[in-house]
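The data blocks that follow each hold one structure.
What follows is a pair of complexes built around chain A, which joins chain B in one and chain C in the other.
Entry: the complex of A and B
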């Protein structure tokens, strides 16, 4: 089996996972107590209006009919209307998803880059003060929730020192770049708007870094452990004996095998980023999808909740397929296993 | 034959561990002349591998050389800068390791690993020439289809093939000294024999010197010019191979030779009572004394020095 059919197989598995997820979330939002329509319209609206709306949303039909109807429309990109915003949910997602993606992508890149950097520095300066400092910080990072960092950063860099802005995606007086991807920094770069880019980046720093701390610490710890382990292996001794420079061993020959476990958990850490994004978005007034999703849950906005869950599910599945591909690229043993599976 | 290729003088080294400092090497001295084949024997844990790593300057991070000299072509490698050492390693001095499965990097192809060594030593060599050299190196260790092998990962090779690749890596440049650390032990006996023959032929072709670390006295007797016997971090006896097997002098060597089971019968030999000492707190004086049948406190007051008893035969024991 080649790489192409491996990816195809993973795609098919993902479709199965997403179908399962869709069933689960469909049932969950419907069996939860309370009438969503009544909740949305309020207690004063007459019963016949509520009944009309229930019929419109097909909430009176049997579940299987409702599900088939919902999944067909969802596959066409139509998530129905939101009870909360009274707009098509697809519109809402188009508006809020890019902000969360911008935050998560920036946090993800920061997490991987600095996690690996700190882990490697720690391993190469093993048992030095630097190593000890990084280990204490990483341990703290793993056990501290993202919102604590968010509040801490908000106070330190926003309130006491005014280094970074603490709310929203752009300064009030800044003209937003035209929407291309919906991500402020990317759009301003594409249109060559430097001022907006820098301002967008400044707004991004605090929430993204706060969000990435847990994953970053995790990555640093795993990279350190795996590098320390590999540096004691015979092949590193052999590289040294055959005259390779310490530099090339550190940056290439010992680092590459050590990144396999790091990258493997990157997918999980990214999922954690998406779920932790809610509190960070709330604290930094970041108009993202996680905040939208939590509000939808509180309001029993059935269509919105289901849509948010499906969108995050697709993101998660995509990231994990990418991670699998990178791990297979790093580790020939996994490629061999894929090749030997046949079919 | 004035200057020896390698002269190790009174080398001491050890490891820093939780319970203190392990003084593993306690004054190792050995001499290797150009083209000479040296066997270094001793039981597991006696410091053979530490000797090898100390000579090459590649002790693990908690290891430290505490005294003595490593003179290579008259130069003390302990005084050389890390950069100079790095240039010598792989070019003039090289090594082959015990476990070929662990000595190859699992995530780089055979070709990439050979190429890395060539690039380190020949910065100006064009890629095509490096590839040619890599193919020749694989062909020289009798590996079939070397061109295809360049793209293989270690995981795709058998144990014997991996060991041949390791030999190819070590012999990329015509090193003057090859230290081989029990290169056959991880292989089954028939493959071990093939690899051994191949290795010795290559060593002889290149007129390289070798220090062959092993606990197989058979291998030593068949191939080596001279034998050093090591016990608990020092050399206890050294002699030309024939001389040592004919006339072992040190009580440890005598016990070692008796411990070899014979195909001609006589049952399983007794082995040697006791075990290798604790390096954190080694016995004072002669490190063999707790296991020695000839030991008496008045006769053995301190650590015996290596003395020449004639016939190029050195022994460290108060009996002589």
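Entry: the complex of A and C
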């Protein structure tokens, strides 16, 4: 079995998982007690309007018919209408998803880069003041909820130290670049709008850092532990006896195998990141999918909730497939196992 | 039965207990060698006891509910109110202590409900690795793991009504798969150990093999995870209430206090800072304690 069929197998597995997830969401939003239409329209709307809406959403059909209908439409990208905005949910998602993706990508890259960098520096200068400082920082990051970081940043940067803006994606007097990908920084770069790019980047800093702290700390701790472990292995000693410098041993031989555990949990850290986006987007007034999701949840907008959870599920599953491929590339043992499994 | 036999049995039992006691003493000694673990234990004990005896410890127990005293509203820390008062004149320290009671209660209930089914499913799936039972259990686990945890918890809480009870249900529903995953990994490697194979050859029941042979060897990992999870459930719980999906006012909750206090920054900084510090402190305590336990228990196993 080669790499290609390994990926194919992971894809099939993911489809099964996503179908299961869709069933779970369906049970959650449709079978739960209470009438979602009545809840959304409020008590003063006449009964015949509620009945018409129920019929429109097929809420009167048996559950299995409802599910089949719902999943077919979902697969076609039709999530129904939002009970709150009365617009198609798909439109809302199209509008809000890019902002969340921009934030999540930025935070994810920041998390992986700095987590690995700090962990490697910590292991390289083991037991120095730098190592101790990084370990304290990493511990703080793990035990502090994302919303505490966000509120702390809001206090520091909103009132005392006006280096980075604390709300929205662009300054109010800034003209937004034309929508191409929906990500402000990418769009402004594509249109050569340098000022908007810098401003968009500045707006990204605080929410992205608040979002990535937990994962970054986790990554730093795991990278340090695994690098310290590997630096004591025989193959490192062998390279040292050949007279290779510490630096080249680190960069060429020790770091790569040490990254396997780090990358393996990257997928989980990304999930934590998407989770925390729900809190961070709310605090920094970031017009993304998570803020939309929180409002949908608070207002019991079932179609929107289902769509948001489904979109995040697909995102997370995709990231995990990518992570598996990277791990297979990093770890020769896994590559061998894939190659040897046959048929 | 002769008297010498019972005496021998008695001696054996005494010896067994003496060894057990020795083990505990040695583990405790090693645990106390690491000052950070001891700090963690002290934090957990102090906050835990404060939560249990809140009625006696809190300076103003009546401030835990819907109490109003506008004459003493927004008092800065110090003097009569050690950590200041909130916009309606309630003592922040008292509310933090009662907030701990809620946080601890939620964490204990969630872990007590999530761990047993998670562990049992993990044991079964790990022992029957490669069979259909394994793939069914682990695929279901994957489904629950396919959504970012807080998102699923929020969605569940929202569909039900937002209150403490439903928040606990929601967090429990997304927490058990982590135990399944942990125990699955352990059980699938432990089943190849000689003592498990010996039990199989002797015709021991599956129940005996799963719960008397494999489970005891997973306990230290499970205990460590439960300790660390206490902290993480407290984070998730306070995150839910921060958004307004957990404890409803006037129940004192640390997450709600941070959210409400944020409106009064930076002038009434104590309204957010102290509840936030309270969360960080208790989570830190459980993390230090969990790491300490892991060090002691894994060395013991080797």
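Keep this in mind: the second predicted complex is superposed on the first by the 343 of 343 C-alpha atoms of A that agree within 3 Å, B and C clash if a C-alpha of one lies under 4 Å from a C-alpha of the other, contacts with A are read in each partner's own complex, and residues count from 1 in each chain.
One rule holds for everything that comes next: contacts are C-beta pairs under 8 Å (C-beta built on N, C-alpha and C of every residue); 3 or more make two chains touch, one makes a residue touch a chain.
Being a predicted model, the structure only gives us computed values, none of them experimental.
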item: Combined model on chain A where chain B meets chain C, clash or fit; value: fit
item: Contacts of A:274 with chain B and chain C, given as first, second, both or neither; value: second
item: Partner chain(s) touched by A:294 [first = chain B, second = chain C, both, neither]; value: second
item: First, second, both or neither for A:282, with chain B first and chain C second; value: second
item: First, second, both or neither for A:17, with chain B first and chain C second; value: second
item: Partner contacting more residues of chain A (chain B vs chain C); value: C
item: Partner chain in contact with A:232 - chain B first, chain C second, else both or neither; value: first
item: Touching partner for A:253 - first (chain B), second (chain C), both, neither; value: first
item: Partner chain in contact with A:307 - chain B first, chain C second, else both or neither; value: neither
item: Partner chain(s) touched by A:123 [first = chain B, second = chain C, both, neither]; value: neither
item: Lowest C-alpha to C-alpha distance for chain C against chain B (Å); value: 11
item: Contact footprint of chain A on chain C as seen in their complex; value: 139-140, 142-144, 146-152, 154-160, 231, 235, 238-239, 242-245, 255, 258-259, 262, 265-266, 269, 272, 276, 279-280, 283-284, 287
item: Chain A residues touching chain B - in the complex, by the definition given at the top; value: 126, 231-235, 237-246, 248, 253, 256-257, 260, 330-333, 336
item: Chain B residues within the chain A interface of the complex; value: 53, 56, 58, 60-61, 82, 86-91, 94-95, 97-99, 102-109, 116-117, 120-121, 153, 155-156, 166, 169-170, 172
item: Residues on chain A engaged by chain C in the complex (per definition of touch); value: 13, 16-18, 20-21, 24-25, 28-29, 32-33, 139-140, 142-148, 151-152, 154-155, 158-160, 271-276, 278-279, 282-283, 293-294, 297-298, 300, 302, 305, 308-309, 312-313, 316-317
